[in-house]
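Common to both upcoming complexes is chain A, partnered first by chain B, then by chain C.
Now for the complex of A and B:
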């Protein structure tokens, strides 16, 4: 129920020093702090793990499951973004099984809504599109659901297209944790889940929205976009997030 | 503890401008019992639904303001749980159990016929606002299968005929007609 609750709570560092663990990722010996996730350590060492709902600077969600990895000794697959490193862990980030699952997950995302790249504002700058190319998704083997979804263009500067939404919940997390407005949340559940602002009001009539546009910048697809952008004209810059957090930390000290 | 009623969201909703609604006091009491803690949201929504029959946007706004919970979170919780309804219920509610025992002893067929007869699907209310049709996963009364709940009364060993008769009676409001929420309220007001 709490979509934005941080999953990995940080241990107190003032009472006992942070431990450093050594582990293996793809056969390479690496080391990571006990409060770091497999994804963080892998990225530090230049090992690629695809992600969609993860974004540097936001609380982890573990929703998209694209970052699944194998850990030796367990038949389960683990989401690298929410699994903390452990001593002597042996992680495999790429295998035929993982590749197959990742492609399936992508295909399910594509079949769930109407992702028509040819007429999308972020065509060419889309994280979902990039992932499909990178993971070698050539076709969708499932039936498209073609759900009737609406477009909310009531906001003076931005528009929301439910057709392109992948429910990564980045907009919800950035609005709650960074902007502090909590304008976005998710209504319904399962296949009926969709993003809503306030009491399911049109975005333009939302009382809490500050119009900061952070949600637009972090959205991986064309679901949230600036108005006045035509096909393939919209680019996003989520890089502001780590910067913003760094500056805020500076201000605290 | 009580927040100042400065902003419009915190003042009483515009449901009954002249007289303070008794039902609102029940909601206030629930919130006060929990010290206006934000985690009392579900509990409070329960109280709202019990008092008003459904969750009205004005009331959700009121609860959100009092508990200091974002509006979007209130709406998210209200739509996540099947128990909560955002639409006013009909005068009468008919719940048919679709648990395994009831299903194999024939609710599926009864349900299909009832949907056809009323022209609505599960979770909807007839256009005249008389009858709401709902399904339950299991009533815990599998010995009575097929079972249903008619206006809060569990009825077992249903047949198509008994269900149809019941619904017909509701529709025509004959002797079988139980007092509705509106009648009850009117009586309370007269006292």
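Now for the complex of A and C:
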């Protein structure tokens, strides 16, 4: 600090526990609490940022990279779901560069496993499909990797199709943080990573699974689905999560 | 009992007297390189021969750390004769012991004046090959733990940090972040509990600097950590070392035990309120665990996956506490800086890169081994003077620095001074110090494929661009090297390199495209030859061989 600079006054934490910042997102003046992310503030203001691994009510992961945004003055890109707002930040959520990157990331995700919408239970109700439509991804220009993946239909009510999994790990998070069962986990590394139940046992034999079905509801694609649903018949209802979180918070007080 | 400086000096004197009471000290390299050529058997046969010739009173055989020139191991060094022998076999023992009083054994003699030794400047490696890594007394005799005493008894934490800042030391793990600034950040954090972590998860292919330092001089790292702990206000440290370094782990364990017994670790060190304890954590072989947030997760017992930064570990690290993470070589520089002052250190090197750097020379080079040179030394000096040039009369083609995160530096930059900024300018990075030299027999597309395969199999799989992007990049490179590539593939390579670099979550993904980028930058003609003419000039790729077979 230079000697001439005024001495910063310590903010009163008793009356003002959280600071509010003003910033700009896509040229619009907005305000956000210091503990809010760019994504939260953007959504409050009706600014669309695509997301896949993010889900309201679950811990953030910052892994799908679809929510990348530019911040003026930095050459780096930031994941909006894990970047907190700052005073006078100037965020750009939609530029040619970002649109291009997002579309390519989506193409990579589509190329990774088998995402054939025409035969999928969630056709028409799929977050991945919606993103492709919204981001204007009409073709996948990369090689389809088509890895051999299995289907686990051992559970009496649900089934898991690894071919449709995008490794967003919403199922792991909801099972651990909300249901408290920690049935789901991940095994393997890199391109060989896959979801497992318990210690890589068939889901139907899992001793920890409570059968609550939360994982099925939060899964963005047809990887986790209810049995007995045919093509395009499965719809997901992840909206319960924020309410559940809110009710639990109230119960704590 | 509390250790005093007098105790320390006494230990040093006893040790020096004991060693100097022998007329000849035979130092046998007992680091992993020479051990793999049975230097332990050489040492045993030397000891036996001394007994047989009845020279126990005149000769002392010591197991020391790395002598540097791993290419011609096992190495032994005899002081005070100043004689170094190379490629010593157990059967050479009688001749060596017999020749102590007369002329040295000329057929084993390593020329003492060779530039490999004379052109180096050793700070980090100053004790390597001189002291016995398994004995704390040997380290103390070389001035060990004096810096810790000086820091604890004569300096405030702020003064220690000021010296480190003044030294201009930058992180030796690869990114080159100013060490003083990192220390200040942790120092300023208000929390009561803080940690110091030593990152010894060296994983770059062809790099063995950290391993050699830990095997040859483990106490130096421990002393550096204790000083760091004092400076930033931490009383607990972790060394995260990969389990693939069993010898380093064993020597660290022993060193920590010795340090605790003597009182340079533990409570009330040097009769001050400062307490510091170090624990080892072994990595299970994941390259990504060298990334600091993944490393922290691994120490905490969680899955070794990186998380987005900020918050940086300096603010929110181990178990949420402010954590200082430094690389082995960075910490190994601390004791000399405290002992001799930041100004002394800042006088070495270039304007923006101070001090020395340890490099592991590997690949197509005569003097494979471990070297330390001042920052700003040119690549030509490193490869041709110290490294002794390219074997079998072949031509130098490029040197890969920084491992899978780095790039290839071609011949036209041989006279470039090696420092953080100039390497970055040519598309490579300093990295941790691995240098893989390639001759004209190397196919650059194949080199890029090798590193991409490494990144693909080491990608943790958390973020989509790195997980799928590296796999796609590898697939394209495999197609090109098999002779099935098209000219569009080169454009897709460039596009994916840009995407993966710009959008990946952690350093692994962000730098994974670098080997492809740099080879495309300097050797695009090789890529086009592969796709247009289905020709691999170096004859490395299978299609090149198939072509030769048909003609």
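Miscellaneous remarks
The rule is short, and it goes like this: the second predicted complex is superposed on the first by the 237 of 253 C-alpha atoms of A that agree within 3 Å, B and C clash if a C-alpha of one lies under 4 Å from a C-alpha of the other, contacts with A are read in each partner's own complex, and residues count from 1 in each chain.
Here is the rule we use: a residue touches a chain if its C-beta (ideal position, glycine included) is under 8 Å from a C-beta of that chain, and two chains touch if they have at least 3 such contacts.
Model, not experiment: these values are computed from the prediction.
Residue contacts after overlaying the shared chain place A:82 against chain C, while chain B stays out of touching range.
Of the two partner chains placed around the shared chain by superposition, chain C is the only one that A:142 touches, whereas chain B remains out of contact.
When the two structures are aligned on the shared chain, A:41 is found in touch with neither chain B nor chain C. Contact with chain B, but none with chain C, is seen for A:198 once the two complexes are overlaid on the shared chain. Once the two structures are overlaid, the count of chain A residues touched is higher for C than for its counterpart among chain B and chain C.
In the superposition on chain A, A:187 makes contact with chain B only, not with chain C.
Where the contact sets of chain A with chain B and with chain C meet, they give residues 186, 188-189.
Put simply, chain B touches chain A in their complex at residues 9, 57, 60-61, 70-77, 79-80. Listed in rising order, the residues of chain A touching chain C in the complex are 61-66, 68, 77, 79, 82-83, 101, 104-105, 108-109, 111-112, 141-143, 145, 166-167, 186, 188-193. By the touch criterion stated above, chain C contacts chain A in their complex at residues 286, 303, 307-308, 456-465, 467-472, 475-476, 492, 495-496, 499, 502-505.
In the complex of the two chains, the chain A residues touching chain B come out as 1, 3, 176, 181-189, 196-200, 207-208.
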